[in-house]
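In what comes next, chain A is part of two complexes: it sits with chain B in the first one and with chain C in the second one.
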Partner chain A sequence: MNPLASIIMSSTLISGTLITLISSHWLMAWMGLEMNMFAIIPMIMKNNSPRAIEAATKYFLIQASASMLLLMAASLNFMYSGQWTLTEMNVSMASLIMLIAMLMKLGMAPFHFWVPEVTQGTVLLTSLIILTWQKLAPLAILFQIAPSINVNIILTTAILSILIGGWGGLNQTQLRKIMAYSSIAHMGWMAAVMIYNPTLMLLNLLLYLIFTFSAFTILIKCSSTSTSMLTMTWNSYPLMVSVLLIILLSMGGLPPLTGFVPKWLIIYELIKNTNIAMTLTMSILALLNLFFYLRLIYASSLTLFPTSSNLKFKWKINTPNKMYFLPTMVSISLLFLPVSPMILMLN
Partner chain B sequence: MVKFILFMMSVLFVVSFVGFSCKPSPIYGGLGLIIGGGVGCGVVLYFGGAFLGLMVFLVYLGGMLVVFGYTTAMATEEFPEIWMSSTTVMGSLCLGLLAEGLIVVYLKGGDEKMWGAESLVMFSGEEVGFIREDYLAGSILYSGGNWMLLLSGWCLFVSVFIVMEITRGR
Partner chain C sequence: MALAPKLLTGIHGLGKCQMPSAISCLFLGPRFAGYCSSSLQKTAAAPNKALDPQGKSGRDLQSPHRREAALDIPSPDEKPEVSFDKAIRDEIKDHFRRLKDEFVNHWIGPEGRPLHEVMLEQAKVVWQFRGKEDLDKWVVTSDKTIGGRSEVFLKMGKNNQSALLYGNLSSEAPLDGDSGHSGYCAMISRVPRGSFERKKSYDWSQFNTLYLRVRGDGRPWMVNLREDTDIIQKHNQMYSYFMFTRGGPYWQEVKIPFSKFFFSNQGRIRDAQFQLLLDKISSIGLTLADKVDGPFFLEIDFIGVFTDPAHTEEFAYENSPALNPRLFR
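Now for the complex of A and B:
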């Protein structure tokens, strides 16, 4: 893309999310979401293959329908309560429609079908943006309407998302689809705790962003988009496969890594609200996620698949010079668990 | 009587949208938007917004739809998809009209009063002012609503770039 057009798209993307985050009127929130959506469409279509065009079309149709539902919910809220404030969503029907609109935008079950297809249809960097930056604005809206969300719908969606995110990712070999299903499952965990303690949802979001960003950075640097390509990275970037092990185990929620903190706190919060059966189901379904992360670790670092190279390492190791904060993110993924009492104080 | 006209205009608005959202050839889109834009202006004019209604007629119908009509005429194909040409199009057209008919019957509910719009709109009270609200709103956009104006202008500017990037092709 022309550099000027690229700068315009990126700045619109960033400012769209910021406008939604700082807005208090529904119209400005909608406008930020629309700016977000239409700025990312040419970024999805950048390589102009039919696959990318199809991914952009699917993304546009889903997000446009969700924006229409958002406008309808905001108008209904205005009709029955007479005000446009983002935090005062007092009309239950409007709150329900707004919840459905945000679930469509986030790609949570049962509106999850677009996430793997759109993530697979485009390059790794754009799918990283779709899975991380595009989640901020809808989650900010859900955070602000959290007191009025219909409990049954959001808990049903949460458990379905964790189930579908875990189960759907089991049969995948393409890494972008694996990350898409992982995103669906993490959104399910965030939705489950949103009505009980929205701050924990923000903590889970922050850690999910760190893990996903690190995983995608490694995949971009190794230029690998499928599991079989990941098996060949050990002799080009040997340190990165160990780092990928840490990040994936942390995403799976294993103590003593940081990924255990959000799951632990969410389970604690749900149990405090006497929601024990669902907590048990969620914990068991998180194992499905862990299984396919372990399969990736098995393929990349725990075992060496047969390759054409007979040497242990390549004779020339080119270190990538731009690491996009990967060491910081990995340190956080590895070592942040002892900081969790301080995070609990933020409540 | 005039409220009945308002109700009929709203129904015609939805029917014109149904007419092109069953995806026939784009020239039907032009037809649907002309009718829909016209009756939409009628609805706005009923509620007293003369300036905005006439602005929609002038800019939307007279500017954008004219350009749309010319480009569709340039890009038209030999056997366009009409409303009766395939089961899909005719089926979705009938489904849309049926849904609209059911909603009309539901809203009427056997009560003559329901032809009006009392249940559908909130009245904000009769205030006496010196300036009509639509002219006032048009000027507030440039003074107190400068952030909104900037954003709208930026979005329209960006949309040109986006359309150019999307239709660039290989």
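Now for the complex of A and C:
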């Protein structure tokens, strides 16, 4: 893309999210979300293939409908309560419609169908932005309206998202679709704890962003979009496969890695609020996620995949893709568990 | 919606193509007014004793032919059971059974096979012609739908080892004041359907070459691949390449790498070319439109996909800034 165009798109993307994060008026929040959406559409269509245009169309349709629902909810709230403040969502119908709008924006079940299609349809960097940066603004809105969210709906959505995120990712060979289903499942975990302890949701979000960012950085560096390409990565970037192993195990929630911290704290919070059945179901369904991460690890680092000999030994050519902050992210993914008493204290 | 033709016919027990062409026109569009191969067999009229009092010897002579032609029609002794409720119940049970199979297959792996088997697979036969049920997966169409005069038929070949696509191509334009050109025949695979008639697609991302075992008559055919899409405008887009057949008694193995397929929209090859992405292939088609009038035939043994490790090309065509400045901005 033209450098000027890409600067404008990136700055609109960043400022849109920041406007939503700092706003206290519903219309400002809506404006930030719209700026965000308009900025990312050309980024999705950057490589101009029919698949990318289909992905951009689907993304636009979903996000525009969700923005319309947001505006309707805000207007309903104004009609019944007479104010536009973000945190004062007292009308139950408005809160319900707002929740549905945010669920659509985040790609949570049962509005998750667009996430794998859009993530698969575009390049790795744009998929990274869709799965990380685009979650910030809707989650910020949910954080602020958390006291008035309908408990039954959010918990149903959470359990459905974890189920569908785990079930859908089981048979994928395309890495972007795997990351999309992983995102749906993680959103489910965040939604489950939102009504009980929104701070834990933010912790889960922060750690999820770090893991996803690291995983995508490795995939971008290795330029691999499918599992079969990943099986050949040990040849050109042997250290990357070990790092990917750590990050994927961390995403799966295995102690003593960092990924265990949000899951443990969420389970603890849910049990404190006597929601045992849901906790049990969520923990069991998290195993589905762990299964397909383990399969990726198995294919990339634990086993040598059979292939013809001309592919085994490659010339080591450094790709120009940069790995931004990867060492920092990996250290956090690996070693953050001992810091958890501090997090518990801050709670 | 796809249950509607079956409901309209309301006949239970016939396991064949149940879509008469009028209804298929309504639902699939005039472009696709395909007729099943099996419905093309000439059906003999039932002998009417009242109208033909003295044709006994004639009837005797004709009866072996009538018996041969009427193999597909159930004999007058077995009446087809006409029951609307039973048809609906069986249909619903069938769809739920397919849904249950989909869940079980999803647990096992993609397409019901374990993932390691799918990932390590290097060759796969996707369509083969060994029986009548294999012909039902294809639709033949020609310019008869727009008023032309080409005819095309599909039947099983000798010993049920291949399928024979034959007919007569005529490039006489239809006299509708609109079309200037005509003359095409095509054989298109049906889109695979899952439970509740949901569209499924083929995932050929492990493979990189298309393999066809055919025996033709020297005519050039075009192989078209369509992608699965939710957007209605993308139904006009397809990726094509040529298949040149050699006439002759020997079977011909045609290998077309997927990197060679070029992109066209609404029948026109576009300046902006894109690589064929293999993870959502919906259907394959073989088209004959070489402007040569006359009969044609193509015998097809099977169509498959495989990985050619020597083929490392990703895409054979490039976009030029002269033709498409928009792509290079």
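The rule is short, and it goes like this: the second predicted complex is superposed on the first by the 332 of 347 C-alpha atoms of A that agree within 3 Å, B and C clash if a C-alpha of one lies under 4 Å from a C-alpha of the other, contacts with A are read in each partner's own complex, and residues count from 1 in each chain.
Methods note: a contact is a pair of C-beta atoms (placed from the backbone, for glycine too) under 8 Å apart; a residue touches a chain by one contact, two chains touch by 3 or more.
Not measured: the values here are computed from a predicted model.
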Which superposed partner A:I8 touches (first chain B, second chain C, both, neither): first
Partner chain in contact with A:I19 - chain B first, chain C second, else both or neither: first
Touched partner set for A:E34, first chain B, second chain C, both or neither: first
Per-residue touch tally on chain A - higher for chain B or for chain C: C
Partner chain in contact with A:N48 - chain B first, chain C second, else both or neither: both
Contacts of A:G82 with chain B and chain C, given as first, second, both or neither: first
Which superposed partner A:L280 touches (first chain B, second chain C, both, neither): neither
Chain A positions touched by chain B in one structure and by chain C in the second: 1, 5, 48
Touch list for chain A against partner chain C, complex: 1-2, 5, 48-51, 54, 57-58, 117, 120, 167, 170-171, 173-174, 226-228, 295, 299, 306, 308, 310-311
Touch list for chain B against partner chain A, complex: 122, 148, 151, 154-155, 158-159, 161-162, 164-166, 168-170
Chain A-touching residues of chain C, taken from the complex the two chains share: 106-107, 109-110, 115, 118-120, 203, 205-206, 227, 229-231, 234, 237, 263, 272, 274-275, 277, 279, 309, 326-327, 329
Residues on chain A engaged by chain B in the complex (per definition of touch): 1, 5, 8-9, 12, 19, 28, 31, 34-35, 38-39, 41-42, 45, 48, 56, 79, 82
